[in-house]
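Given below, in the form of C-alpha cells, are the structures.
In the two assemblies presented below, chain A is common to both, partnered first by chain B and then by chain C.
Let's look at the complex of A and B:
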C-alpha cells in the first residue's frame, strides 16, 4: 500500500467519523419523529436506533389529531407557529439583507459612513438579554408585541450586522473595474448596481441570506419575550410540548424539529450552486 | 315557466322582514329555554353550578356562598356596565385543560359555566411551563397590559407586590367574603393557611389555584415483592418499607438503584429551579420542630453544621439518581417514572393522577404506585418529617387591569371550594387539591386515588413554605446556583453555604432589613410544629 493510498484511507476515515458524529443528533431526531410513545423513553436493551413500530402519530398529534396513545390534548397546534416562523424569519431576512447590502455597497464603493461598521457591530457586542428589556418596552409602546411584523423587524435589526459585514467583504473582493467599464459605457450608478453588481453578487447574496435566515429561524429568546399567544414561533412552541402524562413529548418535538429543518434544507438545496460559489467568493485574489 | 315562483322586490322585502321578526322573537325564547335547561339540573335552593352528571349537586352553590356571591356580583357589575366583555387570564399551558375541558362526562367546562352564568368571556392565554414569571415580569416591565390575571409561583407575590405589578385584594375580600378559612371546607390550617398562600405582609394579593405540596411516591410492585423484601432485609437488617428517615431513604434508594436495568433508586429533582426543594426537606428537618433558614433578626442560619450536613447529603444522593439528574426537570421525571424507571420519587401531588391512570396507556406503573410521608430525622422529641411547598400557581390581579374587581370575582369563584373541587378532579391539568373540601371530595379522590389523598393531606401538615419574602427570587437564585455548583463538584458543601450566606446578606441589605424581618416572621408563623412519634 503506497503512502498516498494510506493517506486517502485515513482522510476518508476521518471525514466519515466526523460526519457520523455530526449527523448522530439529526439521525436520532428523524428516528424519534417516527417512534410511537412506547419507544420514546426506552432504555437498556429496549433502546433502538430505529423505530420498531414506525408511526406518523407524532406528526398527526402536533397538527391536532390526537394519536391513539397520545391522550394529552394540545391547546394549540403547530400550524400557526410554523406560519409565524416563516413570516418573521423571511421578512427579517429581507430587512437585514436589504439594508445590509445597501449599506455595505455604499461603504465599500464610496466610503460613506466611516464609523458605520463599528456602529453596526455594537448591536452584537451585548448579550441579547441585556438589550431585550428596552426592546420589549419600545415594542410594547409601538404595539408590536405578539405580531409577526414586530418580530420580523427585530430579527432584521439584530441580524443586520451579519448581513452588512458579509456583504461588505464580498463587495470589497469584487473587482471594481467591471463597474467602471459599465460606467464608461454610459450606465448610471444605480443601473450598474442593479444590472452588473447584484447579479455578480448572487452567490454572495444567497449564502448571506441563508445564514441570516437560519439565525432568524432558530431564535428562541427574542420570540419568547416578544410573543405571547398568536405569533409564537416554532422554537417557543416546541418548548411547550410536554405533559404530565408522558413527560417530555420527545416524539412530537422530534417531528416538529424535522419539519423545522425543512425550510433551511430546501433553501440550501435551491441555492446550492450559488452557495458553493458564495462560500469560495474572493478566495482567489488577483 | 308558468309555475315558477315570481319573486318581486316587494315579496323579497316582505319575506325578509318576516324572517327577521321571527328570529328576533324566537331568540329570547331560545336563550330562556337554554337557561331553563341549565338551571333545571340544579338542586333545590341552588343558584348556580355545574349540571349534567351524577354528583353535580356537590359543586352547586346557593346565593350566600362564596361562589354564589362572586357570580351575582359579577352579574351586577355587568348589568351596571362596569364589567369587561372578557377577562384575560395568563396560565401555564398544562393547566388550561382543567378550565376548558368538560369533566366528567355530561358536565360543562369550567370556562363555559362561568361565561354562561356571568356573560363575561374568559380568555385564557397559555404560557410555556416554567416561563410564568418571565412572562409576568415582561408584562409588568413593559406595561404591556396583556393580562387581567397572572398565575405565578406562589412565593413571587412579594416581589410582584413590591414592584407594584399586582393589586391588593383586601377590599374585595372584605366585600365578597370568599370564606377561604372555613373550618369544614377551606384551607388547611385556616387563617394561617390563607395568609401563607394568598397573603403578603398582612394583605391579600393572590388566590391560590394549586396545591403543590411536594409528595413522595414509590413503586408498590417493588416494595411488595417478596424477593426484594428478603434481599433488602438480608442486606440492611430491617424490613423494606417506605422510608421514615433520610438514612433509610438513602439505603433503599441505593438498594434499588440498577441503572443497567433501567431503574434508578430515587429521582426527586436536582436541576436548577427545582433541586433546592429536596435540599429544603433535608435542611429544615435538621432541628426539631424546624431548622429555620433565618433567625428572627434576619440572620441566615444556613452556613453551619446543619447546612453543611444537608448539602453533603444532597450531593451524595446523586449516586442513586439518573446521570442526567442535574438537567432533569419534572417532565423528564414524570416520563421516567411512568416508564417504570424509578423506585421512589418526590413530585407534585398530581403524579398518581397522571401516571397511575388506566387512561394513560403509555404508563407502565398504573396500579403500582404508592404514596408515603416525607422522610425525616430522629430528634429527642420524635421524628421530624418535612416537605415543601413549591411551585404552586397563585393567581393575582394585574395592576394594569381596567376591571380588577371583575377579575377578582372570577378568582373567588374559581378558587372557592365547590368549583375548585370540581376543577381539580379534572385530569386535564396541573391544579392540585389543597382545601379540606378537596381532600374529602369523592370525584377528587377517584382521580387522585384514596391511597394518595390521605398522604397528601398529612403531607400538607408537615409542609414548610419556601422563601416568600421580598427578594424571594434573588434569595432562591443564590441558593440554587450554589447548590448546583456543589452538585457539579465545582465547590464544596461548605463553600456553597458560605457563598449563599454572603449573597443572602447582600440581598438583605438591598431589600431592607426591617421589611425582611417582618416577612420572615410572617413566613415562620406558617411553619408546622408537628413532630411524629419515633415509630411512624
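Let's look at the complex of A and C:
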C-alpha cells in the first residue's frame, strides 16, 4: 500500500510498542516462575522485573520436592492434574475428530447429515454454563463425575463443531478424481475412504486435531464443575496453590501456569495457517 | 491466498448407490448421536427441572423433582431478580467496550501487516501468543499484575514519580476495568488474525487502478478495501460477541465476580447460583431463558445474513 520510509518507521514503532505492552503479562509470569521465594514475595519498591537469582525451586515445589525455603509441603502435587489435563484433552480430541471427520465426509460426499452444520453452530453458540445443570445430573447418574473419561466425553462433544467444520472444508476442497479413479479400479467406497482419502488428508487431520486439542486443553469451567478431587485439571488445581496459611504461592502458580501455557502456544504457532479457518468455521481459508 | 467462501462450490452431493447410502448413514451417525445426547435429553430435563424448586441437597433424585413442583414461579422470580438483570447488563457493557476496542486495535494492526516487510513472520507469530494462552492462566497472570504491590502499580509509580498503591481488584470500578483489560489483551490478536486474512484477500487489481487514478490511501481504504471486507468484519465481530457473552475463566479467576458483584457476568452469576446457592431448579430456569433468547437472536441473525447474500 504505502512504501515510503517514514511509513516503515511508523510501522515498526507502532508494532513494537504494541508488542512490548502485549508481552508484559507473559514476561511477568515467566519471570515469576523462576524467582526464588524471597523475590516473588516482594512487592512495591522491592519488586524486580527479572529474577536476580533464577532457580527451579518453584517447579520442584509443585512436583512435591519441598523447597528449603517453603515450609509447607503440598498435600497434592501437580503431576496428577497434568495427567488429567493430558488424558481429558487427548481423548476429547479423539472423540471430536473421530465423530467430526466421519460426519464431515458423510456430508461432503454423500449428502447425509444436512442438519448437522446448523445444529453444531448452535451448540457452539450457547454458553456452556447454560447447559451444565442437566450435564452435571447426567454425568452423576452415569458415574462420570471426577473421571478423566467423563471429562473427555464432554470435551469431545463441545469441540465436535470445530472438528466437523474444519474437516468439512478440507473435504470440500479435496479433488475427487483420485477417489473416482480408485472406485473405477474396483475398490469399495469404505476402502477408498480408509485407504485413500484419510491418508491424503493426513496434514489436514493433524492440524485440525491440534486445533481441537488446544481448545480442550484451554477449558476451565467444565472441569471446575465436573471434577472434584482425583481428576481435577491444571487450571482447577491451580487454585489450590494458595491457602490462608501460606497466602498466594505466586511462584508456584506461575511455574504451573507456564507449564500449562507452553503446549498450546507451540501448537498454535505450528498450525498458524489453519487458525483462521478453524476460528471462523471455515468461512475464511488460507 | 485467502478467499472468503460464500457457499459450497457444488450443490450438496447425493448418494446414488445403496453402498454409498449405507456408508453416509453410518459415518454421520456418531456425530448425530452425540448432538442428540447433548441437546435433546438435557433440554427436556432442563425444562422439567426449571418448573420445580429442586436442589441436589433435597435428598430426592432429580426425576422425582415433581414433588417440588412450583410451575412458572422460577420464571416470575427471574423477571424480578435484580442480580440477574445487573449481571446481564454488565455482560453487555463488557461486550460493548471489549469488542470495539479489539476491533479497532485489530484493524489497525492488520493495516500495518498487510504488505510484506522484513521481520513480518516473527512479529506476526509473537503477536498471536496471547490468544493461545489458556484463558484461566491469563486470568491468573492479570491477577498477579494488578496486585496493589504488583508490576502495574510499579510501572505507574515510575511514571508518577511516587509510589502508587492502587488496589485494582478490590475497587468495584477498577476491578471491572482490570478484567476488561485482560479480555482485550487476550482477544485483540484474534481480531487481528481474522481481519488481516480478510484484508489480504481483497483483490489487488482495483486498488492498482485506483492508484493510477491518483486516489489517496485513505480513499482507497474506505471505498475499496473496507467494503470488500464486510462479510469478514461481520464474522469477526460475531465471533467475539458470542465468546464475550460466555466470558468466565479470566474474570472468575481474577475477581471471583467481586468485589461484591462488581464483575459478575452472566456466566459467573449462573455458576455461583449453581455451586454456592445450589438452587438448581432456578438455575435451569435462568439457563433456559438465556437459551431461548439466544436461539431467537441467532435465528434472526442467520436469516438476515441469508437475506443479505
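The rule we apply is simple: the second predicted complex is superposed on the first by the 218 of 286 C-alpha atoms of A that agree within 3 Å, B and C clash if a C-alpha of one lies under 4 Å from a C-alpha of the other, contacts with A are read in each partner's own complex, and residues count from 1 in each chain.
Please note the rule applied: a contact is a pair of C-beta atoms (placed from the backbone, for glycine too) under 8 Å apart; a residue touches a chain by one contact, two chains touch by 3 or more.
Note that the coordinates shown come from a computational prediction; the quantities given were computed from them, not determined experimentally.
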### Task
Scan A:240 for contacts with chain B and chain C and give back first, second, both or neither.
first
### Message
Looking at A:5 after the superposition, I want to know if it touches chain B, chain C, both of them or none. Which is it: first, second, both, neither?
### Response
neither
### Task
Would you check which partner chain A:261 touches, where first means chain B only, second means chain C only, and both and neither mean what they say?
second
### Query
Should A:105 be classified as contacting the first partner (chain B), the second (chain C), both, or neither?
second
### Task
Could you tell me if A:116 is touching chain B, chain C, both of them or neither one (first, second, both, neither)?
second
### Message
Tell me which touches more residues of chain A here: chain C or chain B.
### Response
C
### Query
Taking the superposition as given, does A:253 touch the first partner, chain B, the second, chain C, both, or neither?
second
### Task
Check the residue A:184 against both partner chains and state whether it touches chain B (first), chain C (second), both, or neither.
neither
### Task
Answer with first, second, both or neither: which of chain B and chain C does A:229 touch in the superposed model?
first
### Message
Need the overlap of the two footprints on chain A, from chain B and from chain C, as residue ranges.
### Response
43-44, 133, 136-137, 224-225, 239, 250
### Message
Looking at the complex, which residues from chain B come into contact with chain A?
### Response
93-94, 96-97, 100-101, 125-129, 131, 134-135, 138, 141-144, 146, 260-262, 330-336, 338-339, 341, 348, 350-351, 353-355, 357, 359-363, 428, 430
#### Entry: Contact footprint of chain C on chain A as seen in their complex
1-2, 8, 11, 14-15, 18-19, 22-26, 28-29, 32, 42-45, 47, 49, 95, 98-100, 102-103, 105-114, 116, 118-120, 122-138, 156-157, 160, 164, 169, 172, 188-190, 193, 214, 217-218, 220-221, 224-225, 234-235, 238-239, 250, 253-254, 257, 260-261, 264-265, 267-269, 272, 275-276, 279-280, 282-286
### Message
Which residues of chain C touch chain A once you look at their complex with the stated criterion?
### Response
1-5, 8-9, 12-15, 17, 19-21, 23-28, 30-32, 34-35, 37-39, 41-43, 45-46, 49, 62, 105, 108-109, 111-115, 117, 123-138, 140-142, 144-145, 147-151, 153-154, 163, 165, 185, 188-190, 193-194, 197-198, 201, 207, 217, 220, 231-232, 235-236, 239, 242, 245-246, 248-249, 252-253, 266-267, 270-271, 274-275, 280, 283-284, 286-288, 290-291, 294-295, 298, 302
## Note on the structure
In the complex, chain A touches chain B at residues 37-38, 40-41, 43-44, 46, 68-69, 71, 73, 75-76, 133, 136-137, 139-140, 145-146, 224-225, 228-229, 236, 239-240, 242-248, 250
